[in-house]
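The two complexes that follow have chain A in common; it is paired with chain B in the first and with chain C in the second.
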Partner chain A sequence: MKMDISEQDGVLRIGLVGRLDTPGVDAIETRLTAACVPGAARAIVDLSGVEFIGSLGLRMFITIARALSRRSGKMVLYAPQGFVAQVFETASLGDIIPVRPDAAAALAAVKA
Partner chain B sequence: MESGGNTVLVKHTTVSEAAALREDLRSYLVVIEHGEVVARHPVGLEPLTVGRDPARDIIISDEKVSRLHLQVAVLAGEVVVEDLGSSNGTFLDGVRLMTPTVLPPERWVQLGSRLLKHERRSQRETEREAELQRDLEKARAYVQSLLPPPVRTGDVRTDWFHRPSAALGGDAFSYWPLDRDHLVAYLVDVSGHGVEAAMHSVSVLNVMRQKALPGVDFRDPGQVLDGLNANFQMEDHGGLFFTLWYGVYSRSARRLRYATAGHHPGILFAGGAAPEHLRTRGPMIGAVPGQKYTAAETLVPPGSLLYLFSDGAFEVTSPEGRQLGLEDFLPLLGGSGAGTPGEAERVYVAVRKQARPGPLTDDFSVLAVSFD
Partner chain C sequence: MGSAAPPESPRRFELTLPATRPGFALGFDELRRGLDTLDLEPRARFSAELVFEEVVANVLRHGTRPDTDTRVSVEVQLADGALRLTFLDDGLPFDPRGRPDPEPPSDLEHAETGGRGLMLIRSVSSSMEYQRTPEGQNRLTVLVRGQQRGGPG
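For the complex of A and B:
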């Protein structure tokens, strides 16, 4: 599991590549939470390179998104592909965390 | 003087304990499959044979492993691995073994997709682990005892197959008559797997068994999901949530009312050309405070067959490493004789054939309900 984090205009841009299965989540959860939650970040997360997400991956995003919403931060996910998009649809994840098709739409949503 | 004497005594005991522990250490060969330990065998002077043939001491079902592949034994205090002329070889650090070779502790050889690792551990550690395993086994038996027996007679019959990925899993399901007319069936899949998920699924099972949701009419799937969501918010339950398929069948009306929370559809074969996908929109239980769930309904003609299953049934990886999904799983359902006992296990066997060898990575549950 690979994770890149950079900041631009006060927005964290997070790129994930790999499988968000149990080992994948274990590899990034602490760093991702530390990057987003304490500073009440506004963050957009690029999922175009994620080929699998399991329930622990969903749990990680939901936990961070809920912690951020209590601190007036915000997380927006974008560009889920194939399998991941299907899992998001089944879980109605869009009702919990904003999910957008691309980076421009995610940026607009995170600044809204 | 006395305290000095004690010091010597303490030192003496510590040294001899350490020596005893060292003597106690023995070598084990650990079989690792997709990163998980699947077996641990003590290695001694008597050689252990490894291969695909059922007559071997360590059996490895992998097509790239020969019937008699290698042998392992302790020689002059070292663990020595010898490839016995296998077709695809045994590799240590990427180099094929041509002669008997010492395998140092904490190192491994590869054969096919498996690793055999040399592990040194004490008898005490091994016993402790065996004790933990026995406890897990008891816990597994307890979870299994909460699952209802298959119903083989009457107008509505059930068949199921449940296989946790670890000793314990987060899948659970049940069914029972609410009254003379109504039958309930549901399936729960807690996020993650292992002990934590199993404990959560047991508490959900018990709430459902005791109908411990105040003011909820269990004939109304929307109310049941609302009630569970109010009681199982993830912040109050160690960050865990669960997906759920819940349905109520009315015999007199031949009507099935259902609602789902973050769960994929139940699949109903009702005599039509294509099976019906039974799902309503809504997030997982525990993820959104105050969420309102709605139910839908369908008619159940005589001879219908309903499948409920966890995502571990279809989120498997093919032998080529491709991620499979619901569309690969659905063709395995239905067909002639599908309503007979053993149907759920048939589906499990079919999924195993689609998946790469080795244990499935998630809990597997399939519940099949047939209606006269």
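For the complex of A and C:
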């Protein structure tokens, strides 16, 4: 699981590449939480390189997004592909964490 | 010779992993190598990995005993276009059938963090059978939707 984090105009841009199965979540959850939560970040997360996600990956995003919302931060996910997008739909996650088709739409949503 | 196509020969593999985080990672690699040999269409492939992820994660979270090393055996069988995954573990009894899905979340604050694993299994499977064996093992058999690449619709 690869994770790149950069900041531009006050927005954290996080790119994830690989598999968000249990081993993948174990590999990034602590770093991702530390990058986002203490600073109450506004963060957009590129999921276009994520080829697999299970319930533990969903749980990670819910936990971080909730911690952010309590601190007036925000997380927006974007560009999930194929079966990964279907997992988000099955879990109705888009109702509570914004999921957008591309980076521009995610940026607009995270600044709203 | 009749016109019916010859029956597809069943193909299978099995693996065993310790119910630990390192065991999970190694077992998942082994599962994926095994699935490579079955030439599945992409949806069935993803579904098989999703079922494995959720079932094994459940055993790790809820099924292990503190005083023994729990192991999970997985048999994957492709026969007549159907993909069947059978999980056998010697952990605590756990029948996942009939567990309710979490309520659809109304907002982030009230969203349940867990409970979505079984919902995801149901979404990609056509049947799920559970048995507590006389030997004291959990046996869970999941039939995955989808089939072999180029197989019948």
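Descriptive notes on the structure:
Here, the second predicted complex is superposed on the first by the 112 of 112 C-alpha atoms of A that agree within 3 Å, B and C clash if a C-alpha of one lies under 4 Å from a C-alpha of the other, contacts with A are read in each partner's own complex, and residues count from 1 in each chain.
Here is the rule we go by: a contact is a pair of C-beta atoms (placed from the backbone, for glycine too) under 8 Å apart; a residue touches a chain by one contact, two chains touch by 3 or more.
Remember, predicted model here, so these are calculated numbers, not experimental data.
With the C-alpha superposition on chain A as described, chain C and chain B clash in the combined arrangement. In the superposition on chain A, contact is made by A:Leu58 with both chain B and chain C. Judged by the touch definition given at the top, the superposed model places A:Ala35 against neither chain B nor chain C.
Applying the stated contact rule after C-alpha superposition, one finds that A:Ala109 touches neither chain B nor chain C. With both structures placed on the common chain, the touch criterion links A:Ala43 to neither chain B nor chain C. Looking at the shared chain after the overlay, A:Ser69 reaches chain C, while chain B stays out of its contact range. Of the two partner chains, chain C is the only one that A:Asp26 touches; chain B does not reach it. With the shared chain A as the reference for superposition, chain C clashes with chain B in the stretch 133-141, and the other listed options (7-15, 133-141, 151-159 or 205-213) are free of clashes.
On chain A, the patch touched by chain B and the patch touched by chain C overlap at residues 21-23, 52, 54-56, 58-59, 62-63, 66, 83, 90-93, 95-96. In the complex of the two chains, the chain A residues touching chain C come out as 21-23, 26, 52, 54-56, 58-59, 62-63, 65-66, 69, 82-83, 87, 90-93, 95-97. Of all residues in chain A, only 21-23, 51-52, 54-56, 58-59, 62-63, 66, 83, 86, 90-93, 95-96 touch chain B in the complex they form. Of all the residues in chain C, the ones that touch chain A in their complex are 21, 24-25, 28, 42-43, 46, 49-50, 53-54, 56-57, 60, 104-109, 111, 113-117, 119-120, 123.
Contact residues on chain B toward chain A in their complex (touch as defined above): 35, 189-192, 234-235, 239-241, 243, 262-264, 279, 281-284, 287-288, 291, 311, 315, 323, 325-326, 361-362.
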